[in-house]
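Presented sequentially are two complexes of subunit A, the first with subunit B as partner and the second with subunit C.
On to the complex of A and B.
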């Protein structure tokens, strides 16, 4: 057992609770948040691969001493293989996901602490709590434990919006909660049906039960469970019909908050998507439905982004649209497609955070996010403008950035899978993504400055520039050496096929 | 009346309804036109994938979509109205999706 595996979840939760208690002590909050923030991406790099069984209850097959005294009715049955404890599984794919999530969380917290005059213990608490919850979602091999953290992640997202003090943030938070009160119980009901049919909540055991004829794979209750879990997945990730509220959620958060929120959505999407494919891949219909919703997210997200005038909403819709690429990879059901889809998840989390923080500098200087009222920002800070341009090029999939590699792999996978239409749509929508970005960039940076636009005479914090530079370096490194990510993801993808 | 004029008129109409004060600019009209073309072409390309079920079904659906989408143009202003922040619309689509997904999985999977 590796003690660092549960620490990936326990550390941010402990830090979050301490920050909440110390919320009036600004300096302590800053120091504690920075130390814990640095640890977030480091722990997964230091941890060894393996499983963690809470309470130490390993399966009997791994615990021969305990198994010796048991009757043969147990040791000769599948109980011998089942996982009695809540199990966390940590392999190369989880390591990469948690590392990237930790990096985005650290940089978002680092930026927020430097951009706000008074460090908010409550806001930082929510950022850490959300990170802990999504880390647990990525690690959990227990579907009920996953649901608990899914709910915690949803609540922290609502909290992050409420803390933003952006106009109408309460209304958006309330809408998100009400929609969640429909979707989350459906997910729980799906899990309950799965438990009812298989008698288990451990994902590996559920798959074993289905594959070894212990339950009828075509049981209508099992099929209904698949539908309900899929519906919960749409809510957690922001796929249609939840794309509108998800993009609104991003637009009502502060830029560093939005950067982290989208990373939550991306990794929840990838983790839950992988679980759905693991359990229900025997139903070809599942992959068709995943492709359908991913296509709908891409088409609706990207076309709606083109129609917006608020740059936070533009990135919000683009983020939803980019999720579709990940879903297409998963839905293709081939090792190359799944690897490329998961690689796209890693890239999207980084690039969208880069864009939110980059465009956030405009909000910092002007307090305005409506592109009709903006202009001439290139003169104000050309270096930041260039960094934002590079972020936009990365999102559109321009070489040598990381999304170029993942999108190219996705297109190759679609051709190999006999679905070249998906490749054509991906190319088309990448062009439109770039068009949308250019429109936003032109109206904010290149258009003449409106006479009534007031720009505060304050320098953009150095921490924000450093954050953008770090994101740029990660984009370039993954673009030039994609195998750093794909080698980690391939093992998981091959295991799914 | 050209498509460009149609789009501008439709945008103005929606903004009047929503009591939005911002003017309809060249950028917004061009964006709408680009989004319109993207939407139609993506849906049509996606429909071609029906060839995996039946070639005849694909031809019929693509032709029906071409006629339907072109006749209903401009689509994006309507879609924008529909995909706005209205809570009623959000709930409506959420409930519809839940119904369709559960029905399809419960009754449809065995036959696909």
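On to the complex of A and C.
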């Protein structure tokens, strides 16, 4: 067993609790948050691949000492193979996801600590807690454990909105919680139905039970469970009908908070999507439903982004639209499609964070996010304007950035899967994404500066520019060497197929 | 006709969930909405507990008094413990979520002077 696997979750939780206790001790909060933040992306790089069994309770087949003396009803049955404890599974795909999540979390925390005069222990606590929760969602091979961290992630998202002190943030937080308090029990009910049918909450064991005829795969209870888990997935990731509230959540957070929140949504979407495909791929409608909701997210997200005037809402809706690309990859059900979809997840988490922090500099300078009241920011800050332009080009899938590679692979996968129409839709929506970005960019940076626009902060913190440069480098590296990511994801994709 | 305990429990869980969804969707009072949401969570919890119910079953803790009856007796008659462990966690999560929601409602009441969802959330 590799002790670094649970440390990926335990470290941010411990750090979060300490930061909460140290609230008001600004210097200590900053130092502790930065040290722990640096560790977030480093630990997955140092950890060995493998499984972690909490309490040391490996399956009996791997634990002959424990198996000795047990009745034959256990040793001669599938109970011998089942996982008796909560299990974390760590392989190359999880490593990449947790590394990217850790990078985004570190850079968001780094930016927030430098942009605010007084470091908030509570706000940083929530950022770490959310990161821990989403890391656990990525690692969990136990669907109930996943549900627990799903709820913790939702609560931390609400906390981040409340701490942001943006106008009407409490109203948005309550709406999100009300919807979540319907969707999360539905997810739990789906898990309960799986437990009722298979007697298990371990994902590998559930799949074993279904594949080995221990339960009827066509059982209506399993179909209902699939529907309920899909419903929870839609809420957790912000796919329609939850796209409006999700983009509102992003818009009520500060830019660094929104950068992290969207990364939470992306990795929750990818992790839960992979689980749905793992368990229910044998059902004929699963992949169709995933494609349907992904297309709906793309069309609604991107077209609604086009109609917004608040740049935080614009990026929020674009983020929802980009999620659809990931879903399309998963829904194609081919190794190339799933690899491309997961690669798109990695890229989206980075690019959207880049955009939130980039456009966030405008909010920092002017305190305004309404594009109608902005203009002339290119003159104010040409360096940042160029970085934001590059982020926008990356999101639209322009070479040599990373999203170009993942979107190209998605289009290739759609042709290979016999669904070229999906490829056409992806190309068209990428063009609309680009137009949406150009419109926002023009109104903020190129349009003449309104006379009544006041600059409240002259200088952008150096930390924010460094953060953007780091994101740009990652986008370029993954764009020029996509195999760095796709090699890690391919193993998981092939396993799913 | 006496209904089977497990079946009755499943029906109660379903009724709680349906009532909860009704309350959460159609009630205008935010506190009533939260009560409806609590009903949904309780219904799901009751459903999970019912999964672990075993007619005539014994408590799944291997007490010393059970040793004389043998392990085989225990394994055949003990209730399934996993659902109960899961529900315990689920109750804690539900309580935390409800506490946060009620806290937000207090803030919104101070701001708007009302707990009408139509007035508070649609602005």
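The rule is short, and it goes like this: the second predicted complex is superposed on the first by the 494 of 497 C-alpha atoms of A that agree within 3 Å, B and C clash if a C-alpha of one lies under 4 Å from a C-alpha of the other, contacts with A are read in each partner's own complex, and residues count from 1 in each chain.
Please note the rule applied: a contact is a pair of C-beta atoms (placed from the backbone, for glycine too) under 8 Å apart; a residue touches a chain by one contact, two chains touch by 3 or more.
Keep in mind that this is a model prediction, so the values were computed, not measured.
Participant: Is A:148 touching anything from subunit B or subunit C once the two structures are fitted on A? First, second, both or neither.
Facilitator: The second partner, subunit C, only.
Participant: Where does A:175 make contact in the superposed view: on subunit B (first), on subunit C (second), on both, or on neither?
Facilitator: Both partners, subunit B and subunit C.
Participant: Could you say whether A:158 touches subunit B, subunit C, both of them, or neither, answering first, second, both or neither?
Facilitator: Only subunit C is touched by A:158; subunit B is not.
Participant: Quick check for you: in the superposed arrangement, does A:185 touch first (subunit B), second (subunit C), both or neither?
Facilitator: After superposing on A, A:185 lies in contact with subunit C but is clear of subunit B.
Participant: Of the partners subunit B and subunit C, which touch A:201 in the superposed model: first, second, both, neither?
Facilitator: second
Participant: For A:241, select first, second, both or neither according to whether it touches subunit B, subunit C, the two together, or no partner.
Facilitator: A:241 contacts subunit B only, not subunit C.
Participant: So in the superposed three-chain picture, is A:73 touching just subunit B, just subunit C, both, or none of them (first/second/both/neither)?
Facilitator: Only subunit C is touched by A:73; subunit B is not.
Participant: Give the label of whichever partner, subunit B or subunit C, reaches more residues of subunit A.
Facilitator: B
Participant: Mind working out whether A:435 is in touch with subunit B, subunit C, both or neither, as first, second, both or neither?
Facilitator: First partner only.
Participant: Once the two structures are superposed, pull the subunit A residues common to the subunit B and subunit C interfaces.
Facilitator: In the superposed arrangement, which is not itself an observed complex, subunit A uses residues 175, 178, 182 for both subunit B and subunit C.
Participant: With touch defined as at the start, can you tell me which subunit A residues reach subunit C in the complex?
Facilitator: By the definition above, subunit A touches subunit C via 71, 73, 144, 148, 151-152, 155, 158-159, 162, 168, 170-171, 173-175, 177-178, 180-182, 184-185, 188-189, 192, 195-196, 199, 201.
Participant: Under the stated contact criterion, what part of subunit A meets subunit B in this complex?
Facilitator: It is residues 172, 175, 178-179, 182-183, 186, 218, 220, 223-224, 226-228, 230-231, 234, 240-245, 248, 283-285, 288-289, 295, 298-300, 302-304, 306-307, 309, 372, 418-419, 421-422, 424-425, 428-429, 432, 435-436, 439, 443 of subunit A that touch subunit B.
Participant: Okay, in this complex, where on subunit C does subunit A touch?
Facilitator: 17, 21, 24, 30, 33, 37, 40-41, 43-44, 47-48, 51, 71-72, 75, 80, 82-83, 86, 89-90, 93, 96-97, 100-101, 104-105, 107-108, 111, 120-121, 123
Participant: Give the list of subunit B residues in touch with subunit A in this complex.
Facilitator: Residues of subunit B touching subunit A: 22, 25, 27-28, 31-32, 34-35, 38-39, 41-43, 45-46, 48-49, 52, 76, 79-80, 83-85, 87, 89-91, 93-98, 101-102, 104-106, 108-110, 112.
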